[in-house]
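Next, two complexes with subunit A in common: one pairs it with subunit B, the other with subunit C.
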Partner chain A sequence: MKIAVMSCIHGNYAALDAVLLDIDQQQAEKIYCLGDLVGYGPYPNAVVEQIRSLDIPTVQGCWDEDIVEGLNACECSYPSLLAEKRGKIAHEWTNKQVNPEVREYLAQLPHTYKEDNLCFVHGSPNSNHEYLLPEMDAFTALERVLSSDADILFCGHTHVPYVRTLDSGQLQVTVHQPSKNEQPTVSFNTPLKRIINVGSVGEPRHGRPNATYVIYDTETTAVNLREVEYDYQTTCAAILDAGLPPIFAWRLARGLEFAEKADDPTHVCER
Partner chain B sequence: MWAILSGIEGNIAAYEAVLADIKRQRVKVEQLYILGDIVAANPDSEKVIKRIQNPLPGELEPQVCIGWWEEQCFALHGLGSTAEPTELIARFGKETAKLLWDSLSRETVQWLRNCHFGFFELDCLLIHGSTISVSDELTPQTPPWQMLDRLQRVQANHLFCGRSGQVFEYQLQGGSVNSSVMTLDQPHPVQTITAPKRRVVGVGNVGRELGKATYTLYSPYSDSLEFKTVYYGSKKGFGN
Partner chain C sequence: MIIAVASPPGAGKTHWIRQQLAQADRPVGYFSPKTDSVPIDATYLQSEYPQLKLYQTGEEAELDKTITYLEIPWYLDLAGIEPLLQNFNSHRVAIIPGDIDSTELETWADEIIPGNNITKPTKALQIHRGVLTGEILDFDSLATFWLELTQGAYGEVVRAKGIFDLVDGQIYYGDFTPGKSELEFKPLNLPRWLNGKPDRKSGFEIVGNNLDKAEIAQTVRDCCVSESAINYYQQQVKESLATELEAV
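Let's look at the complex of A and B:
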């Protein structure tokens, strides 16, 4: 069965519309969403209403959480004070825009969704603020998949799609306890595991303005990283009309923003 | 030589027995680390705090970090990261919460609030639970991937912890994993990543079991590790 997985729509309705059309053309039978439906973009309510109307299983992203619980991320989530300031403006704007039904919907979204050997999260199984970057230490990445108790971990949050394959993982362990006899070294092995980062529909950061998402075939295990062209200039104009920071339009037109290059991307915000 | 202990849990007799054992060591102990759970729902908790705050002449000044019980105190007094002591009540009930409240003065809780979350000395992390939280319980049965993660979060080679109360030496002897990344633009070649040797040590528990305390001696210079068991009270005379 072909499934489509998308994330980080960020209030960009035009991008969502284009991706839904592409999913239809790809003949995917089911769609999943990894959160961040709102924030940055000009159409938070319309995006949430579309996701709800299609009954798409969705997990809560960090922006969705912040709209429900109040701005909760510490400055470590941003690469600079300037980026933090802009992020706060976007949060306040979105907070004023979202209607009560949308807020209620975002509040009830789970942090994790599991189906068979697939696990769906926004950031990581630990936190929807943690970035699983492609260059993350391989053992750390493996631990994140293992902690989800799945073979395939779908995530978003970084806005740059990738597929990471982790194979033939093994660690040798010797445990010594004074109360017990000397125990032999034990080898722990893991089967093939994968992290599939599905990129971003509405705020891509892979260097081009196109929306990105993933088609996954549960039978063949083939992964197709999809890149979809759409009229991003419509969204850029709407960002400016809404009075959101113009930098959001600038970076949307270029597919750039290095927010994922924070000093410590694995930091889990506890504030 | 370092003496590393955890879980006094308000048991003043157990703490005195361990201090006496430390004094008896042939190799001089230069640092005394207490990895949390100094207090518990025990009326003697204040006595333990006073003893730690006021070492006798010639005794080491203990380096103290917080543990699970201290975190419950903070929640009780509205000083913690959670508004309610839900973990404490779920595990031990409201009567224990009341007993813990009655066991400690506000002044003592404030003193505990200023203690460290853990220590990083040389290449060693000394902490109650783990880098995740005071509740994270590492045991001999913890999967190695999880152990390695806890070590890698702070780039430590040795992690000393006390949450489980057990004494153990968990050696990660090495390992490997093949990793490849495919992006929109290009596939990256498969790389074999190797894991270095690392270690997690359960330092034991001083006060939970009446009459028997366990703690750990460690020399960072020779990398030697020794688990100590101290019997006291009616069980005295069977120490090793």
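Let's look at the complex of A and C:
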């Protein structure tokens, strides 16, 4: 069965519309969404209403959580002061725009969603703020997949798509106990695991403005990273019309993302 | 002896002077008129050559106490600088890109040096100079701003340079000329400032067209560390440096 997995729409309705059309053309039978429906972009309500109307299984992203629970911009959530200030502007704007039904919908989204051997998260199974970057060390990456109790872990959050295969192998863990001479050792084998980052529909960071998502075949395990052109200028114009910072439009048009960059692959927000 | 150096923006005046300083075997001075508020090139050169004598506005009569490089900003009228040059024994150097029509500079100069190729401006150039008074910036924010600036987010930029105090106590030099230099920041060889707001000059100079000066100023403000956080960061840096010293 072909499934489509998308993430990080960020209120960009034109990008979502183009991706849904492409999914239809690819004849995917089911769609999943990894969160961050809102934030930065000009159409948070319309995006959420579209996802709801299509009954797409969706997990909560960090931006969805912040709109529900209030911005708690711990320093670690942002890579720089500038990103934090821009993020706060976007948060305050979005917070004023979202209607009660949308807020209620975002509040009930789960942090993880599992189906058979597939697990869907926004950031990582640990936190929707954690970045699973492709260069993360293999042991930590494997631990994240194992903790999800799945073979395939779908994630977003970094806005750059990739597929990482963690080959099957043997893990050996020795537990050091200061009071005992013997150090118990545990060995176990892991089957092949994969992390599939589906990129971002509405806020790409791969250097082009095109939306990205993934088509996955559950029978052949083939992964198709899709890149979809859309009329990003429509979204740029809407950003300006909405009174959002013009730099968001400038960055969106260049595939630079609105304000942030992910630069700490091991970071886990402790809030 | 005054060696007066002139060129269009980004053609390589400071770079050429730096090359001369590297070969100097006697006391050398440097003066750049109308740049006292943000002495970017002077700060950069002195960090490379601490023995360099910097002259300030008001000290023009003393310029011949050393061999002095007089860097003439591109926006100054050469005729306006002439009375100063007439007072001294001077040698005039023009740094001229190959594809630039520069009859005025060629007529003025005693010596012509080939300069960097630069983008020909399509309109009259604007200059925007930002003076920072003790502000300390966050490096990642500055890097983001500089990338946006040099890629045209705030207007067409044909030259940008700046010196910025950062939270690690060092002062960083940034330099951008389209087609020549990539994004470049490097810490200058100057003492770290780790006791509150720096009491030294910093800032930036941007040359280009349609510059959104208000947005540039706001973005730089957004890159600045709050006064309440400065002490916290400086304390961390001091502790880190002390640990490094102990390890040595």
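The rule is short, and it goes like this: the second predicted complex is superposed on the first by the 246 of 271 C-alpha atoms of A that agree within 3 Å, B and C clash if a C-alpha of one lies under 4 Å from a C-alpha of the other, contacts with A are read in each partner's own complex, and residues count from 1 in each chain.
Note that in this section a residue touches a chain if its C-beta (ideal position, glycine included) is under 8 Å from a C-beta of that chain, and two chains touch if they have at least 3 such contacts.
Since we're looking at a predicted model, the values are computed, not measured.
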> Clash or fit: how do subunit B and subunit C relate after the overlay on subunit A?
Replying inline: fit
> After lining up the shared chain so the two structures overlap, which partner does A:Val173 touch, if you call subunit B first and subunit C second: first, second, both or neither?
Replying inline: first
>> With both complexes overlaid on chain A, does A:Thr212 touch subunit B (first), subunit C (second), both or neither?
In response: first
>> On the A-aligned overlay, A:Arg254 touches which partner chain: subunit B = first, subunit C = second, or both, or neither?
In response: second
> After lining up the shared chain so the two structures overlap, which partner does A:Glu227 touch, if you call subunit B first and subunit C second: first, second, both or neither?
Replying inline: first
> At the CA centre of subunit A, how far apart in angle are the CA centres of subunit B and subunit C, to the nearest 10 degrees?
Replying inline: 90
> So, A:Lys96: does it touch subunit B (first), subunit C (second), both, or neither?
Replying inline: neither
> Which partner, subunit B or subunit C, is in contact with more residues of subunit A?
Replying inline: B
> Between subunit B (first) and subunit C (second), which does A:Lys85 come into contact with in this model arrangement: first, second, both, or neither?
Replying inline: second
> For the overlay built on chain A, what is the smallest gap between any CA atom of subunit B and any CA atom of subunit C, in Å?
Replying inline: 12
> Where on subunit A do the contacts from subunit B and from subunit C line up?
Replying inline: none
> Which part of subunit A faces subunit C closely enough to touch in the complex?
Replying inline: 79-83, 85-86, 246-247, 250-251, 254, 261, 263
> What residues on subunit C touch subunit A, complex-wise?
Replying inline: 138, 140-141, 143-145, 148, 151, 153, 215, 219, 222-225
> What residues of subunit B sit close enough to touch subunit A in their complex?
Replying inline: 81, 140, 143-146, 148-149, 152-153, 166-185, 190-191, 193, 195, 227, 229
>> Could you list, by residue number, the parts of subunit A that touch subunit B in their complex?
In response: 134, 137-143, 146-147, 160-179, 185, 188, 190, 199, 206, 212, 223, 225, 227, 266, 270
